[in-house]
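Reading through the structure tokens given below for one structure.
Which chain is which? They are A, B, C, D and E, in the order written, and residues in each are numbered from 1.
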Amino acid sequence: MIGLWSVPLLFALPLALGILSLLVAPAWRARLIFIGLPLLVAASLDVLAGLATAGPQVYRLGDWIAPLGINLVVDGLAVGMILMTTLVASLSALYARVYLRDHPPASSFFWPLLWFLWAGMNGIWLAEDIFNLYVGLEVMGLAAVGMVALRATPQALAAAMRYLLAALLGSLAYLLGVALLYGAYGTLSMAGLQEAATNNATTQVALALIILGLLLKTALFPLHAWLPPAHGGALTPVSALLSALVIKGSFYILMRLWLVLGPEVTPELTAQLLGVLGAGAVFFGGWMAWRQHHLKQLVAYSTVAQIGYLFLFFPLVTNTSPEAARLAWDGTLMMLVAHALAKAALFLSAGNLILAVGSPQISHLVGISRFRPMSLFSFGLAGVSLMGLPPSGGFTAKWLLLHSAILSGQWWWLIVLFLGGLLSAAYIFKVFRMSFREGPQIDRSVTPPLTLDVVALVLAASAIVIGLFAHLPLHWLRMGSMLGMG
Amino acid sequence: MDWNGLILLGVLATSLVASGVIFLLAESRLVMRTVVNLAAAVLKLLLVGWIIWGVYQAVEYEFRFTIIEGVDFILRADALGIMFVGLSSLLWLFTTIYAIGYLEKAPNRSRFFGFFSLCVASTVGIALAGNLFTFLLFYELLTLSTYPLVVHRGTRESLRAGQVYLYFTLGGGALLLFGVVALHVLIGDTEFVPGGSLAVLDPSLHPMLIIIFLMMVIGLGVKAALFPLHAWLPMAMVAPAPVSALLHAVAVVKAGAFGIARVVYDVYGIEFSQSLGLLGPLAVAASITIIYGSLRALAQDDLKKRLAFSTVSQVSYIVLGISLFGPVGAVGGLMHLLHQGLMKITLFFCAGNYAETLGVHKISELDGAGERMPATSVAFTLGAFGMIGIPPMAGFISKWYLGIGALEAQMNWVLGVLIISSLLNAAYFLPILYRIWFRKRDRLWCEGKVLGRFETQGSLLIPTLATAAFALAAGVLAGMPFSPLYWADLIVSREYLQ
Amino acid sequence: MPWLDLLLGFTLCVTAGLALIARDMFRAVIMFIVFGLLMAVAWVRLQAPDIALAEAAIGAGLTGVLLLDTLGYLRRPFGSRVDNPDDQT
Amino acid sequence: MSGAISGYMVFAWSGVLLFGLGLFGFIAHRHLLRRLLAFNIMGSGAFLVLVGLAQDGRGVDPVPHAMVITGIVVAVASTALALVVFRRWYRASGRTDLPEDT
Amino acid sequence: MSLRTVFAGLLCLGVIIALGWAVLERPMPEENLPERVAEAMPESGVEHPITAVLLNFRSYDTLLEIAVLLLAVVVALALREAQPDRPEQMGLDNPLLRAVMAWLLPLILVVAGFLLWAGSYQPGGAFQAGAVLAAAGVLLRLAGVTTAWLDNATLMRAGLALGLLTFLGIGLLVMLPGVPFLTYPAEHAGALILLIELTLTLSIGLTLISLFRLTPPYADDPDDARRQETPKP
């Protein structure tokens, strides 16, 4: 069986390391990454190799057949997310190892939380069972809350509390949806649901609950209020992980369930509504980002805006031609991956700039381009992808989405993509304007360790490169996808 | 993968790699930076020479790989593209030399030269792009890499100019993107092929095609500074002189004009554009811009601003030539792409020399400059004569062909536009020449730079004289092989005979 | 009709309502613990003795103790400041 | 639907009401302890719906039982985590609610 | 009535109506999972179906659930270290309570053991037993009994980790013959599950105790809550 060991390792290993990092002395916690990262990278690549050679697989935990047991689905989508997680989380971990050196020892609890978070995310990517997804969501969500709280300042605690409440409410709504689905169809497996689900009141209410719960966790406008303080106020590597990966978890579940339930069940009206909310997020988030004075808050609001693009997926795949649906699928996933890479890079380079000037205020960045060109360059590369300018992953994604919107005759989404791009340019260049301004000639710049700059640059560069070499990744991502395309 | 494809990548890589290396170099590594800059520029020029020779002999140069399903990244050297590449790489070399002298001891040079090389890479990419997607890719990259140059000085004014520049170019870029995607939906990957590829489409789609054309021309018109999309160009003159010279006389505005040429010739096809009735309005827009730019130029006292408005006007000659249906007009327009580049960069170099050496920015302060800086002033005079179109300067040949082309296309009113604009050109250039040569110096110049052996630093003077010589030669030797006229003829013969 | 179950369900809702609207925080927590114990009975009625055990021990017992403990924490004097009065909405 | 309502269904309906009540409390209250209480009540409601609905007309089903046990443990872990954060927050700020809460 | 209350009320009403509609219109499932559970019981290694589901059929859920519990402890530990508590002076210190405790404690342990063992054929199991253990711990704390081993961080953490580590270890170990994660061989399933449950009980009990003990004991004046050096374990 392909991936016999590597698939369970993807969550078992982080879990084990999470526990081990509690047992070792605090100084040793960070060093566990030298065991964990290579193994996780190897496992991810092995899973990819399995996918490329043998196609999508189902992994039966305990060798029980679903719905009795829990299955894992190893298709292109799952593997794509796993690889994205491995890349972003590994680099963030390398960043954190250096970044946290100067922080109080309590921040070494970042490590167990990181491993649990990682396990939760890999669990979600692989899950095929809707209740298992609930538990996975909780692992990921609580680890994320813990990470936000790590700073233990009043602001961090308030942000964590707000995040926790949103996460709890979201998962309860999801759980109730699961309860209704189980009551109606007697199965928790997605494959079973796909076969059994019909269009009736129970399914619709369950779907509505699941959507609402997951929207809250994804922080889609107007349910986004918890996100900016949590993402903007956390330790820099935490911000990167949360914005790049964690919010994608709930979106991913929504995307999968939407396709599992199929066009018969998923109402077009809801799809359009989700798209409209996405558009609202793009505008509102972009506008708010532009208004921020605090660098990391700006980046956090940018996440609010970028989430909006992902939700164009729903109107573009529901009752549209197969070609438009395929393009929307490609575009959304490209957007998801490109945003993960670019946003992580943006947060990390923002963190570097803040370290350099010793202040989180954007207005204190005057003239920084002279002292920290490399941090700014990473910020710029990531910004290019967020603005959707070529050549970048963001551009390729936008191209695909535009294509899909035209093809499906839903021209109104073009306006969203158009104005959204301009808004993101406005807030990204706001930072640049400041950095190019020639201010008082005081060299206040602190030089952060090189590793920090290099990690941010690698992430930013990969956000660019993924746009140019999107062919193969998109091909993999389509493998075994539920849109019924080759 | 054949070598002919890789050589195109090489042409791109010379400036891309140079840009990367320069970014990583410390600010203080002056010698190293200069070496990298010059080596890359020379290497690029050699590679381009090689390709020109090949294209002349009809060798195919193509590089492609698939980005996403149905979308390829294509680089291809055809006669039109390689003409623009040749111009950019030649002028890059000169401008680099000029910039090294101009920015001596200025801050942030690493950043400057890094983005400068990136700009050249984008321009070359635009020229070599083999389909609309690739074109768009480099077109936006050009926007991004020029922004830091426009705001280079970091003053309030330049930041403001940068912002306006962004508004215009990003908005235009987005429109272009829509047009490109829409075409892509209609016919798939839009490769540039002589004669265009849209004529086969169903006539019911024609209104759609007209809208798409409009969007693309607006998107490209921003960079080509077509009226009323030109406002960013005079503002961007706050940038250092080499930036104004290469980017705003050559790379950026020409990228727009070149893009329009690509769309008309190789996407829609000249005959199909004519049958859709697109060329007439384009010619009108170009004519309005020509007259408007000249009128505005008259009113400027700031030398660079006057040159900028002159650029607004002159670039539209290219667009005008493209929109004249018939080979002669096309030759005139394409030729002017080269001519105007050579002449305008000379003028900007001269303006930079005056500013750096004498501290003079205003035309009213130029009295007697000819005496103090004869060589620069001669170069300026040559450029100005060319712009006015005095025979046998290059500008004359462009205008001559444009005029004949207009008659051939039965658009006789264009002739009037040409005459009026030439008169206006004379009206805003001749007074400058008069001041330089015939007025006595009436004030003390603050001498900015220490004198070398020449009237100013060698690194400022040599490029100026070289480009002036090229501009002169383009006109005088127009009948020789590989002259702009010759090459434009080659392009048009391949374009129209399809 | 399963009268006993109806009564139990009704009582559950009432206790939950009381726990939610009680003016005094302490009373609210006590009502919550009562609610948890009633839940355990409900689980027995649903023929789920395992859940009943878990609910009694964890749901009512542990959660209740944690809440009570926190309540005690809030009631201890808070430095020189006056304790926040429970806000009523 | 049968005419007579089964005992299981009674609890499913109670679960619906409890979830609604809990939701009301969760949103209406500002005091964080009250919101946690409400969260736990909502959770109980969801569990009742899960088991009640699954067993109605089909008899005892061990799978939802296991799910509910898991759910209870997750709920207690979440509550405990929330209380830890809450206590720290209270100690740092002296507040029992969140700032800027409308 | 604030706007918020009105909003909450309307939302609550809407949700109840929607849920009611969903419950009324619920179709009868065609899938019969209980039947499948019953069929697979002989291979599960235990006799009690819920234990079988929790620790065999759907043991992966349980694995992640333990992780959730541990997470809460990790956050509590992290926050305590970030904001150290004052030296603890806890408990009622009541001699009577102490005396009762001396009797009660063994009894509680017996009950816990019984619940654990009973879990394989009747209601009970690791979670319930763990909760009972935790109750004992809480009582100890209330009684002010100083239990050195509970304060020994290393031992405590080892105890916390034991359950999940054993679970993971067994899950991986059984893969050696080339079967998927968590596939217990039918002949040893009972023993393996018992082993997992045993360690889980201990860990769950300790986790719950920690959650109780790790919350700050005092409401300090924030101005006074200066960083104190706590001795590292």
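Some notes on this structure:
The rule is short, and it goes like this: a contact is a pair of C-beta atoms (placed from the backbone, for glycine too) under 8 Å apart; a residue touches a chain by one contact, two chains touch by 3 or more.
Note that the structure is predicted; figures quoted are calculated from it, not measured.
Hopping across touching chains, the smallest step count from chain A to chain C is 2. Ranking all chains by how far their C-alpha centres lie from the centre of chain C, first place goes to B. The most distant chain from chain D is B, comparing centres defined as mean Cα coordinates.
Chain centroids computed from C-alpha atoms place A closest to the centre of all protein C-alpha atoms shown.
Chain pair with the most C-beta contact pairs: A-E.
Rounded to whole angstrom units, the spacing between the C-alpha centres of chain A and chain E is 29.
Between chain B and chain D, the centres computed from C-alpha atoms are 68 Å apart.
In this assembly, the C-alpha centroid of chain D lies 18 Å from the C-alpha centroid of chain E.
Between the Cα centres of chain C and chain D there is a gap of 11 Å.
Of all residues in chain C, those touching 2 or more other chains are 50, 54, 58, 62, 66, 70, 73-74, 78, 81, 89, listed in ascending order.
Under the contact definition stated at the top, the residues of chain D that touch 2 or more other chains are 12-13, 17, 19, 21, 24-26, 28, 47, 49, 53, 58, 60, 63, 65, 67, 69-70, 72-74, 76-78, 80-81, 83, 85-88, 90, 92-94. Contact between chains, as defined at the top, is found for A-B, A-D, A-E, C-D, C-E, D-E. The residues of chain D lying in touch with chain E in their complex are 1, 9, 12-13, 16-17, 19-21, 23-28, 49, 53, 57-63, 65-67, 69-70, 72-74, 76-78, 80-81, 83-85, 87-88, 90-94, 102. Those residues of chain A whose C-beta lies close enough to touch chain B in the complex are 330, 367, 369-370, 373-374, 377, 380, 384, 387, 389-391, 395-396, 398-400, 402-403, 406-407, 414, 418, 421-422, 425, 429, 432-433, 436-438, 467-471, 474-475. Only residues 131, 135, 138, 142, 145-146, 149, 152-154, 157-158, 160-162, 164-165, 168-169, 172, 175-176, 178-180, 182-184, 186, 188 of chain A touch chain D when the two sit together in their complex.
Chain E contributes residues 4-5, 7-9, 11-13, 15-16, 19-20, 23-24, 26, 28-29, 32-34, 37, 49-50, 52-54, 57-58, 61-62, 65, 68-69, 71-72, 75-76, 79, 83, 127, 204, 208, 211, 214-216, 219-220, 222, 225 to its touches with chain D in the complex. Chain B contributes residues 23, 27, 66-69, 71, 73, 107-108, 110-111, 133, 136-138, 140-141, 143-144, 147-148, 151-156, 159, 162-163, 166, 170-171, 173-174, 177-178, 181-182, 184-185 to its touches with chain A in the complex.
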